[in-house]
Amino acid sequence: MSTQKLKEIIKQVLPDVEAVICWQEGFDKLNVTPIFITSPEQAEKVVWNPLCAQNLASYLPSQKKKVAVAVKGCDSRTIVQYMQEGLIDRNNVVIIGIPCKGIISKKKVQKAIGNEPVEDVSFTEGSVKVKTPSGEKTFAIADVCPSKCTSCQYPTPIVYDQLTADPIQSDKPAESVYADVAELEGKTLEERKAYFLSQFDKCIRCYACRNACPMCVCQDSCIAETRDPHWITQKLSLDEKLMFHMIHALHLAGRCVECGECERVCPMEIPVAKLKKKINKEMKELFDYIPGVNPEDKPPMYIFNVDEAKIKEHKL
Amino acid sequence: MSEVAPKELRIVGFLCNWCSYGGADTAGVGRFRQPTDLRIIRVPCSGRVDPMFVVRALLTGADGVLVSGCHPRDCHYTDGNFYARRRLEMLKRLLPFLGIDDKRFHYTWVSASEGAKWQQVVTDFTKQVHALGPMHQK
Amino acid sequence: MTGNQNPYLPELATVTKVIEETPNIKSFQVVFNDAEKMKNFTFEPGQVGQLSVFGVGESTFVINSPPTRMEYLQFSVMKAGEVTTALHGIYEGDVIGVRAPLGNWFPYNDMKGKNILFIGGGIGLAPLRTLILYMLDNRADYKDITIIYGSRTPPDLCYKDELKEWEERSDVNLILTVDNEFPGWTKRTGFVPTVLKEEAPKADDTIAITCGPPIMIKFVLEGLAELKFPEENIITTLEARMKCGIGLCGRCNLGHKYICKDGPVFSLKQLKELPSDE
Amino acid sequence: MADKGYLPKEKIKEFVEALGKDATVFAPCLEGDTIIFRQYTPDKEISLDRPANTPPKGAIYPQCETLLSFEFKKEADNPQKMDVELKVNTDFPKAVVFGGRPCDARGFTVIDRVFIDTDTADPYYKKRRENTTIVTKCCNGPVAGCFCVGVGGGPAVTEGSDVVMTEVDGGYYLEAVTDKGKAVMSLPMIQDGASYEAKAKAANEKATAAVRNPFPEGADKISAELFDSGDFWGNVIEKCLSCGACTFLCPTCYCFNITDEQAITTGDRIRSWDSCMFQHFTLETSGHNPRPAKHKRFRNRVGHKFYYYPEKYDGAIACTGCGRCIRYCPVSVDISEIVGYLRDPKADPKAWAAKKEDAKN
């Protein structure tokens, strides 16, 4: 583990920045929580392990001063996308890149241990050992990782100023990225409808997915809550829930960096990211565009070609 | 074909002010016979059509949505329909993923002079939506 | 509003008169459709009501006609948001909803035999108007009444007819001011807190009641402190985003007090004892 | 009617269906990986294995409720005049909340004080509350984040429940707490339970001992000085995303919004859950917002539960320690940790002194 190196880098960059955004242990051993480090002593609290799932880059647009942030490969795509859209000043961010071999989905572990309180968690290469009152269990990280890790193309950050370990190459085939979307596409229209309706029916409209989304930059001005324009009502019908998720998905068209935060934070465990991934798949096909990989790119909905090679006129 | 006229469905049309609305007008002035299911909403440009207009319409009672603008390169505002084309194509591909038949949504280009084409578009699209029946079974 | 009634259910009322006070403020005189309810309706000066435009929503306004004049209830509305804009589209004869009275009121009995100093700005005169009219209707109970009232420009002054009437009365000392020089304006200019300091009314045996925009209140309170007004003699009426009006919905709280139910009238002393968000 | 009963596990479905004979039953149902309180129908799978993702609050206090419906009508002989007709419905069916936890049931008592014990009682909540029987399952032990014993509760407290059931020997020991609960005990599948009482008591004691209490003995007073410190809140809440997960999953949060939703000539005035964590919650039309920053909003939430509410209601805390806000917080904000700092007798605002400019804004 490169925790020691991470701490060293933090102490090294701290004098140049207002704060370093990193992870520390949370309310129990299975949880980590962000920490905004402002002093060298705080740097000692830092942890880096497969529980560090949260995408800390999301905090960047709201920072007023120069900060440093620790990012995994997947998180770094957020920063690239921010750069594409001019949402951050790259000169005001020090990126501490962490090559990552896969993280843990807390929800999957909790389920596997029957939701017992966690007494201790330890890691060995590729596996995690969880101690609860009824005993110890060991899981391969590959078995309890979020789905994004199973097809990770960017284990090493795309942009960084410092790296905590040697870069890692992806060993996952590029086709695997949209395997889950393809699987749903293989079903019938009715099956997909039933699937999404039953999923979105669980939504409680807490907007955790929106607030956690690094690319949802409207935040407090979101049209899901405004009365003027009055896009959706406060009613709790399935149509309104669906509408909210369509607002989220459509506003992220060609912008979603697939960090999976929306799914990670959903308290009702709705696969919120599926719609956005589907759009991304189409963006790749239509415009050969992948969000968050090249700072020089422009999101496809911001631009156009007079002659679109892949868009054919639809016949009735 | 049934002898009895099928029940009218609700189809919403978002038409750009400069071309398609004129095309619909031309069709009307030319007395081209058209189905009556379409309710037209005039917008300044197809680029004004947020894909959410379509989604909202489909979720709140429309059985089909038609968007029509100026032909590519003919946009009154130069490039509004180029943006529209990308957005609407994205939506067209997303809707069936969600379980909404993409035949309920069509986008096309009709100029102010194309009254006959407009008649064709409306007739064909209405037929297509009727083949699917109402979207909201009550 | 107590008892077994449904506190969310508005009383239907008809707007009998619409008065254009300023370019963006209108006053509405309303009468309950149920004559019996109108006859039995009572309230205290300073209490508020929720006006409903059905389909748009509800908003809170002070009842600015005094309980001594019960032919109608008057509310003044500044056009600002969704509900107030809808209210500005209301005509005489239209039906709206009224939930009233809500909240507490000015401790007018405790003010008897004292000097009264009103300090208002813009639409902030509305709650003061209730009490001023009430006191004028019971003039003998109170000593000197001074009113300092200001607005941005002369057309923005509310209740112009009454201002004229008060100005002519010998038992009311009315001081009007506008922020800047204005063609045809011969009276004072300057912000309300500045005028307050210039006038420097005595703090002895005087109750100060103030209402206006937050920034004005802030400086008026500073001014009153300089003039040595004790905190318990400074009374203000607060505003906040409100929904239920009955202390349930949770948004207008200052600590454990709810402005809609435990307020809107507070003395500065009370406010200082509550945790503030500022 | 006996006060004590026993229900074998295999009879749960039968029991729930019997409860549903003349009432709507809300039960924790498994949907995918989520456990949600739903109106029970035989096709649903009840899960009592862990506390549900959502509390059963919505059964009595629905997330969205119609306060009144309005209809505009034109007078035939005076078409210029538009009349309004209002309709209110408080005719609610009998209901049963089955399978909530003691913390969930206690949550209703927190709302009761605000919505019922007042001169302006909420008629919708009151009627639903009266019509509802609450059958609670005691916890076998804690789950991640929960701390009921720290706020006066426990895995087997009966406050707010009509019947409590404790898992014993392949079934549940049932105890009636109220008269409403006694009526439940007369159902035919309930066997005599007296012999299980001791075992249930032991199980409950064991469970109680296992729950963490985040607050040290005697530390029950909030430091007003620390509570008023902007630095403190700025520091502890910098990571908060300002979403509504904590409040919408809370069994005691009751703040709401009222909005009109209109469709041409008819419409509803609805009351829907709102969250004090949202920026617009206190945003005034003028643009002024008394709680514009997230740390001010969070302070209000903690204050409401642990400071203002107890001040108003005789020391009662508006938190039942269910732990959902901790467990499901996207960034693992731990309210018990924050309250722990506030209650620390050695609490010192200077220790949190501005390390950062932002905290003050």
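Which chain is which? They are A, B, C and D, in the order written, and residues in each are numbered from 1.
By definition in this document, a contact is a pair of C-beta atoms (placed from the backbone, for glycine too) under 8 Å apart; a residue touches a chain by one contact, two chains touch by 3 or more.
Note that this is a predicted model, so its numbers are computed, not measured.
A.B. asks: More contacting C-beta pairs: A-D or A-B?
C.D. replies: Of A-B and A-D, more C-beta pairs in contact link A-D.
A.B. asks: What chain lies closest to the overall centre, CA atoms only?
C.D. replies: D
A.B. asks: Taking each chain's centre as the mean of its Cα atoms, which chain lies farthest from subunit B?
C.D. replies: Measuring from the centre of subunit B, the most distant chain centre belongs to C.
A.B. asks: Measure off the straight-line distance from the CA centroid of subunit A to the CA centroid of subunit B, and report it in whole Å.
C.D. replies: Those two chain centres are 36 Å apart.
A.B. asks: Report the inter-chain centroid distance for subunit A and subunit D in whole angstrom, where each centroid is the mean of the CA atoms.
C.D. replies: The answer is 30 Å.
A.B. asks: Would you mind pulling out the distance in Å between where the CA atoms of subunit A average out and where those of subunit C do?
C.D. replies: Here subunit A and subunit C have centroids separated by 51 Å.
A.B. asks: Where in subunit C do residues touch two or more of the other chains?
C.D. replies: If we look for residues of subunit C contacting two or more partner chains, we find 57, 82.
A.B. asks: Touching at least two other chains at once: which residues of subunit D meet that condition?
C.D. replies: 257, 259
A.B. asks: Indicate the residues of subunit A shared as contacts by at least two other chains.
C.D. replies: 227 - these are the residues of subunit A that touch more than one other chain.
A.B. asks: Which subunit A residues qualify as touching subunit B in the complex?
C.D. replies: Touch residues, subunit A against subunit B: 181, 184-185, 189-197, 231, 239, 242-243, 246-247, 249-250, 253-254, 275, 278-279, 282-283, 286-287, 300-301, 304-306, 308, 311, 313-314, 316.
A.B. asks: Show which residues of subunit B lie in contact with subunit A when the two form their complex.
C.D. replies: The contact residues of subunit B facing subunit A are 50-52, 55-56, 59-60, 72-73, 79, 82-83, 85-87, 89-94, 96-101, 106-109, 121, 124-125, 128.
A.B. asks: So in the complex, the part of subunit C that touches subunit D is made up of which residues?
C.D. replies: 1-3, 6-10, 12, 52, 54-58, 80-82, 84, 93-95, 97, 214, 239-241, 243-244, 246-253, 255-256, 261, 275, 277-278
A.B. asks: What residues of subunit A sit close enough to touch subunit D in their complex?
C.D. replies: 18-19, 26-28, 30-36, 38-39, 54, 58-59, 64-65, 107, 110-111, 114-118, 133, 198-199, 202, 204-208, 210-212, 219-220, 225, 227, 233-236, 261, 264-265, 267-269
A.B. asks: Sort out for me which residues of subunit D touch subunit A in the complex.
C.D. replies: Of all residues in subunit D, those touching subunit A are 31-34, 36, 49-50, 53-54, 62-64, 141-145, 210, 212, 235, 238-239, 241-245, 247-249, 257, 259, 261, 268, 270, 272, 275, 278-280, 324, 326, 328, 330-334, 336-337, 355-358.
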